[in-house]
Every structure is written in structure tokens, then in C-alpha cells.
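Presented sequentially are two complexes of chain A, the first with chain B as partner and the second with chain C.
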Partner chain A sequence: MKKYWAFFRMRFINGLQYRAAAWAGVVTQFVWGFMELFLFDAFYRADPSAFPMDQQALASYIWLQQAFFAMFTSWQWENELFDSIASGNVAYELCRPVSIYNMWFTRSVARRLSRAALRCLPVLLVASLLPTPYGMGLPDGPEAFAGFLISMVLGLLLVSAFSMLVYMSAFYTISSQGIRIVATNLMDFLCGAIIPLPFLPDAAQGILALLPFASMNNAPFRIYGGDIGGMEMAYTIGLQVFWTVVLVAVGKWMEQRVKQKIVVQGG
Partner chain B sequence: MKLYWKHLQMHLQSMMQYKTSFFLTALGQFLVSFNVFLGIYFMFQRFHQVAGFTYSQCLLCFAVTLSSFTLAEVFFRGFDTFASCIANGEFDRILVRPRGLVFQVICKKVELTRLGKLLQALVIFCYAVPNCGVEWNGIKILGLVLMVLGGTVVFASLFVLYAGICFFTLEGLEFMNVFTDGAKEFGKYPLGIYGKHILVICTFLVPYALFQYYPFLYLIGQRSEAGFLFLPLLSCLFSIPCYLFWRWGLRHYQSTGS
Partner chain C sequence: MGVCRDGAENRLEEWGKLKMIQVEHLTKTFRVAKRRAGFRSAFRALWSRQYEEIRALDDISFTIRDGEMVGYMGPNGAGKSSTIKVLSGILTPEGGTCRVNGRIPWKERKEHVKHIGVVFGQRSQLWWDVPVMDSFFLLKDIYSVPDAVFRETCTELTELLSLEEILKTPARQLSLGQRMRCEIAASLLHRPDILFLDEPTIGLDAVSKLAVREFIKKLNHEHKTTVILTTHDMQDIEALASRIILIGKGRVLMDGTLSDVRACAKDAGASLDEMAAALYRAYEV
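After this line comes the complex of A and B, so read on.
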């Protein structure tokens, strides 16, 4: 356990080094957040009755999305890992007395967390000062906040578990480009990064909510604003646990298979 | 021009050496903007109109923005990736060659993988043009072409401006993405829906609205001044300050070492 903690710290501190990039990111995130708000506001005025979310809940959703963009974004791939698989350098990693899955998983979590840690505070701070219903609202009660925190952690683990599947698949395909493209776009749409899931057709909601993608950023952000509450919240968190366990199990299984039949490229 | 053609062929040939990679990247480009399209589609499934604009009218805006951004990206990619060109000393090589600097930077990179996005823009045009309720005539079609070309010039100018900044910072500035990627992202809807302040910024600071919004209003018949159709020409003037800034940056450029 201690060695993984060391990996985590290493990666976390490494991620904290890119401060100038983070500031630029914060500016971008702000502009993005405002434009999204104006956009949804225009749709709200077009037909308030068709609006599937509370306006305040949506504003919180948008600001959370911007603040934790680096944490949940689909294209946060670590190119080093893909490169190491393609070039054969991964052999050194396999020699180490650690599980490659656990090591990369920790890395992935640490990287996402460190990037988000730099960006989230300024965004959240300023967003909370904006007038209602455009600003970041308070959570919908203490249990919503507790649920939000639990759900955030699970979401982060799940996103990392999902990226691990993509990394593991690179062992089979060597050129991972195709899978990356499909995975990125699928995830982008189905996790609600393009438009929040409640805005998709009602008929599709039932299925979408069951997919692992809905358990990523969709769950915590909507729990925060009270869009998912009560029993539904417990159910959503349960689903998050389920998918995290499943994806980790599949990833581990892939790791076992890979280890048995890996052919390292190059000399 | 002949020289440019030669470069184009070279880029095409080198890309065709890695066919799978080329098509996968093009497919990726297609999928990314297809996601954006799906977003628009589902929003209109729910709301049917926004600020008085219909679905196919918004698609027209989306196609104009997407195609002009993509054209700028295909042909002016050299400026978009200018930071790396400075960082690896490539620009110093360019400086000593007896050809125009702008021309050489343009020739350096032609990003044909972006054609995936362009294809999508074309498909959307094919759908939106007959369906958006515009009575097309020669002058209006000319207007639409001007919108796309004007947009290409504006985005290309932004790339040049960005390259100009690189002379000072020696590395890319991420927040410039707000003006390029951000405009591409939010230009999918008519710019007027974001409210008055945004429209003023998009008219006077960076003239997106001159090629995307005002001519569009004339096309769909919300405004009757035919002069609106030729505003994209005005937006081309944006390239002048951008180019001057680039020249100014060039004068202050001190190489990056060995």
C-alpha cells in the first residue's frame, strides 16, 4: 500500500507544477461557463416548461463541470503510457514488484486530482459570488452535500477505471488511436459533457442512467443541486459503486491476460 | 502559387504513407463535431426553437462556423502550431530562405485530417440550405459563400495573432483557445442568442458576428438591408491588425538559442 501512496504523491506533486497552464485553464473555464449559462438561458426563455432541470441546479452543474473539468474530462489520457506500450518500455514497468494495474490506476487518479486541485478553487470561489440563478448555489441540504462528496470520489475512481480499460486494450492493439477516438467521443456524449443528460430525450433517460458513463460526473453534479435526491441518491451512489467494482474487475482481468501473453515490441 | 501546389502535394503524399492513421484521425475529427451536432439535435428535440430561430436555421450557423474554422485550420495550421516552430528553431531556418515568411509558414503544414470535419459541414449544409426556409437566389448564395470565406479569414487572422504572441512568450498561450475553439464551440448557435453584451464583443472586438450573425439575419429575412450580406468582407479587415501585430512581434524576435 505504501508504494502506491508514494506513486500517488509523486504524480500529484508533478501535476501541481504546471501553474501557468492552470491559470490559463481557469480563464478558459470561466469563459466557457458563462457562455454555457447564456446558452441555456436562451433555451430557458424559449420554453421554460420544457426545461428539465431547476435553473439554479443547472447553474451549479455548469460551474462544477467547469471547476472539475480536468478531473472528469475524457481526453485526459496519459500519452506516456501509450508510448511505453508501443515502444516496449513497459517491460521495465512489468519487472517491478508492483501490480501494473494498481500503479497506473493510482497515477491516473493522482493526475486528475492534481489538475483539478489547481483549477477548481478560483472557479468555485468566483462562481459562488455571482448573482442567483447564475452563480454557484449552495448544496441542496447537508445530505446532498455528503452525497456529493461520496459521489465525487466514486466518480473519480470510475473515470480512472474506465481509462485503465483503454490503456489495457492498448496492449492488444499497439496503435491505440482508434480505440481512444471511439472511447473519448462515446464518453463525452454519454456522460453529459456535451449537454447535461436530463436534456436528452425522456425515452432514453432510463437506459442512459444505467450506463457507467452516467455514474461519472453526471451523478455528483446533479446530487449537489438536488436534481437527484432522497432514495434516488442512494440508488445512484449504489450504481456508482457497482460500476466501479465491475470496471476495476474487468481491468484486473485484462491485466492478468496481458501478463500471460504479452509480447514486448522492439529490442 | 505553383510552389504552394507543390507543397500541398508533398503533404498529401506524406500523409498517405500512413493511411490508417490518416483515416482514423479524420474519423476522430468527424466524431468530435458529430457529438456537437447531436447536442444541437437533442436540444431542439426538446425546445423546438431558440430566440425565434428554428433548428435548420441554427444548423446553417453551425455549418458556417464549422466550415470556416476547419478551412482556416487546414490551410493555416502553420500559424496555429507556431509555438513549436519557434521552440525547435525551425523559424530561424525560415528566416534565412529567400521567400515570403507568411508564405513559408503556411506551406509548412497543411492539416488534411481536418477534412473529416469539413465533410460534416458539407453534409449539414446539404440539409440546412433547402430546409431553413430561405428563398435562395444568386446573391444570397454569394452571401453564404462570403460568410464562409469571411469566417476563414477571421479564424486565420486569430491564428496569426496567436503566432505573433508566441514571439514574446515563446510558448503557446492556452487562453487564446477561448477565441478560436470557444468561438467554434459557441458559434454553433446564432450569436445573438447569447445576449447583447456578447454580441457587442463579437462585433467590435473579434468580428465573428459580421460573418456569422448579421448576414444570417438577412438570409432568413429578419433584416432587410441587403448590405448585411457583404459584412463578411468587412470582417476580413480584422486580418490587418493581426498581421501588423505579427510583424511587430517579428521585429522583437530574438531566436531561441542554438
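After this line comes the complex of A and C, so read on.
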């Protein structure tokens, strides 16, 4: 365990090095946040009865999404991993007494956490100062807050488990760009990063809610504002656990297969 | 009779212990997509692709004993790196067996790699953006090296490879020679029994080359580390290898010493490189 902790620390420190990128990220997050707020505000004014979420819950959703953007966004790929597979540098990682899967999983979690750590505070701070219903609201009770925290952790693990599938696939395809683009777009749309899932057609929602993508950022952000509560919250968290276990299992299976037939590029 | 056989078996076992690396009939093939250059061939390859099987390793066998320093020599594409990758547990071969320290590398990868160190001269294991020492600390944890042992090893390596000044520098700002010295140190922090060096002197200037060679010699002498070295630099071979295994087209062609290589060159005044070239020509590789 200590190995992975050391690895986590290393990646985390590495992630904290890029201050300028973090500030640029914060600015982008505000621009996006306000843009979405105005957009959804226009919808709300047009027909409040057709609005599928509480307006305050939506505002919290948007600000949480901006604050923890780096944690859940699909395109936080560890490009070094893709490069190392394509160039054969992965050889060094393969001759360490650790599991590749665990090591890269740790790395993915650390990267997302370190990036989010730098960006979330300013966004949360400013958003909480905005007037209701546009600012970041308080959680919908202590139960919702507890559920939110648990769900955040699970969401982070699940996003990393999903990324691992993409990393592992790079061993087969050499250039992972195609898979990366497909995965990024699928995830962005299906996890509610572009439009919150409640705004999608009812028929689609039934299916989307079951997919692993709905268990990523959609789950904790909606639990926070009370959009998902009570038994539904327990069910949502259960589904998150289920998908995390399944995706980790698939990833580990891929790791075993990859080891058998790996080709390390270059002499 | 029984006693006698037991004695023989014991001796056999003892001898077996001395055999650090035992490779038998190793084979590995790669499938390489091939096509002619140009637009039409590129277009055609979209539908039907032609593959060629390359036998990177073709029935390789050899034994290396504890504490030996072996030069693994051969022209480009002979299968040197592939052998190193198999021995270090990265590649799974199709056929044949191999035991390193009694373990099959690709089957017991995690246990196996604790006892080996690998330097790939063309790659880097140091974290690019942080000081070298941070990478060392990470490796310490990855290999679970105890504090006291780590301190001692680190001090020794720092002194022998003159790392004092450069350990605080981020890896990206090191010169190639400085970086290579750090890479070698990084591979030895967990005190491996065997060190695989895949072209450790590539691109180094004369001073760095000499320093690296001197260090490897000392390491082998003082810690009895088994060293397997692949290189194209004949002077590396001359300076380090007490034994040479020559491979070409995936086969072992010769297993001997530098004087065997010399014997191949007709011209007595030939340089080392000329001798190697004569050798490759003689074996048609």
C-alpha cells in the first residue's frame, strides 16, 4: 500500500506544479459557469413548469461541476501514459514490482485530485457569494451532504476506472487517439457534463440512468442539491459501487491479457 | 549407492544455484505490417494488409553464472533488446523456458523484478519535472527499501557516480551523461543481484563513458552483481565483458571471449569495430 501512496504523493506534487494552468482553468470555469447559468435562466423564464430541476439545485449543480471540473472531466487523460505505450517507455514501468493497473489507477486519481484541489476553492468561494438562485446553495440537509461526499469519492474512482479501460486499449491500438476522442465525447454527453441529465428526453433518461456514465458526476452533484434523495440516493450510490466494481474488474482482466501479448515498441 | 547419488544431487543443486540465468530454446516472433511506399500501396493496405513474421528470437539458449559480466553482442535487429525484455519479465516468449534466479520472469513478474535492475539506454525512468532525488525516493518506496539500506546505497552511488551536484536538479535539465549516471543509480537503489544494461553508453561523451564503465566494473567486483550488457560500442565490450555472446537473426552464433572475436579478424592490426564487422560478415548476419 505504501508504494501506491508514494506514487500518489509523487503525482499529486507533480500536479501542483502548474500554477498558471490552474489560474487559467479557474477563469475558464467562471466563464462557463456564467454562460450556463444565463442559458438555463432563459429556459426557466420561458416556462418554469417545464423545468425538470429546482433552479437552485441546478445552480449548485453548475457550480459544483465547474469547481470539480478537473476531477470528473473526460479529457483529463494522462498523456504520458499514452506516450509511454506508443514509444515503449512503458518498459520501465513493467519492470517494477507493482501492478500496472494499480499504479496507473493511483496515478489517474492523484492527477484528478491535484488538479481539482487547485481549482475548486476559488470557484466555490465566489459561487457561494452570488445571490440565490444563481449562487452555490447549501446542501439539501446533512444527509444529502454525507451522500454527496460518498458519491464524490465513488464518482472519482469510477471515472478513473473508465479511464483505465482507455489506457489499456492503447496497448492494442498504438495510436489511441481514435478511442480517446470517442470516449471523451461519449462521456461528456452521457454523464451530464454538457447538459444535466434531467434535461434530456424522458425516454432516453431511463436508459442513460443505468449506464456507468450517469454514476460519474451526475450522481454526487444531484445528491447535493436534493434532486436525488431518500431511497433514490441509496439506489444511486449502490449503482455507483456496482459500476466501479465492474469497470475495475474489466480493466484488471484487460491488464492480464495485455501482459500476455504485449509488444514494447522500439529497440 | 544412495549416499553417493545424494552427494551428486547436492553438488548439482549447488551448481544450479550458481547459475543465475538459464535460458533454453527461447523463441519470440513479431508480426510486422509491411507495404510498399506510396499512395497506391497505402490505399490498398486499408483493405488487405500484409504481415510478415519476424523471428526476433529463434531458439536461444545460454547459461550465465553468478557474478559473471557478459557482453551480449550483435548487429541491429539481432534480438538483443528482445532477450533483455524477456529476461526482465516484460515480454512473454512463445516457446522455450528461462529461469532467472530460479524464477520464470514472465510468470512471477513482481517477485522477479525485485531482484533485477534494468537500464534502457534509450529510455528514461526519472520523473521529468522533479529533482532526481524525488524519483529516487519514489523508487525506494516502490521497492520497499528500508531507510538505512537506502541511505547507505544512496551515499555509495552518489560517491561512485559523482551525483552530489545533480541530485537536486530536475531530470529535464540534466545533460545526457549526467542523466545516464542517474539512470544507472536509479536501477541499483534496491540492490539487485542482476543488472541488465541495454546500451548504457549510447550517446555519451568519452569522460562519461569511462565513468560508467569504471563504475560497472567496480559494482561487479565489489557486490558480485551479475551484469548483462548489450552495446554496439566494442570498447564497452572490451572493457567490461569477460564473456561474449554473439547473436544474429535471433540465434546464438558464438559464445566465447574477446580473443575468440579477435581470432575471426584476419588482419591483426584491425580495430575493434573492424573485428566486429568481420565477425558479423563471417556469420552472414
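Just so it is clear, the second predicted complex is superposed on the first by the 267 of 267 C-alpha atoms of A that agree within 3 Å, B and C clash if a C-alpha of one lies under 4 Å from a C-alpha of the other, contacts with A are read in each partner's own complex, and residues count from 1 in each chain.
The definition used in the following text is that a residue touches a chain if its C-beta (ideal position, glycine included) is under 8 Å from a C-beta of that chain, and two chains touch if they have at least 3 such contacts.
Quantities reported herein were computed from a predicted structural model and do not represent experimental measurements.
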> In the superposed arrangement, which partner chain does A:Ile194 touch: chain B (first), chain C (second), both, or neither?
Replying inline: first
>> Contacts for A:Ala46 in the overlay, against chain B (first) and chain C (second): which applies, first, second, both or neither?
In response: first
>> Between chain B and chain C, whom does A:Thr28 touch in the aligned arrangement: first, second, both, or neither?
In response: first
>> I'd like to know which partner A:Gly141 touches here: chain B for first, chain C for second, both or neither.
In response: neither
> Does chain B (first) or chain C (second) touch A:Met10, or do both, or does neither?
Replying inline: second
>> Can you give me the overlap between the chain B contact set and the chain C contact set on chain A?
In response: none
>> If we count contacts the way the header does, which residues on chain A are in touch with chain C in the complex?
In response: 2-3, 5-7, 10, 13-14, 17, 87-89, 91-92, 94-99, 259-264, 266-267
>> Could you list, by residue number, the parts of chain B that touch chain A in their complex?
In response: 20-21, 24-25, 27-28, 31-32, 34-36, 38-39, 42-43, 45-51, 173-175, 177-178, 182, 185-186, 189, 193-195, 198
> Within the complex, which stretch of chain A touches chain B?
Replying inline: 21, 24-25, 27-28, 31-32, 35, 38-39, 41-43, 45-47, 50, 52, 175, 177-178, 181-182, 184-185, 188-189, 194-195, 199-201
> Where on chain C does chain A make contact in their complex?
Replying inline: 30, 76-77, 81, 85, 88-92, 106, 109-111, 113-114, 116, 118, 120, 122-125, 127, 129-130, 134, 137-138, 140-144
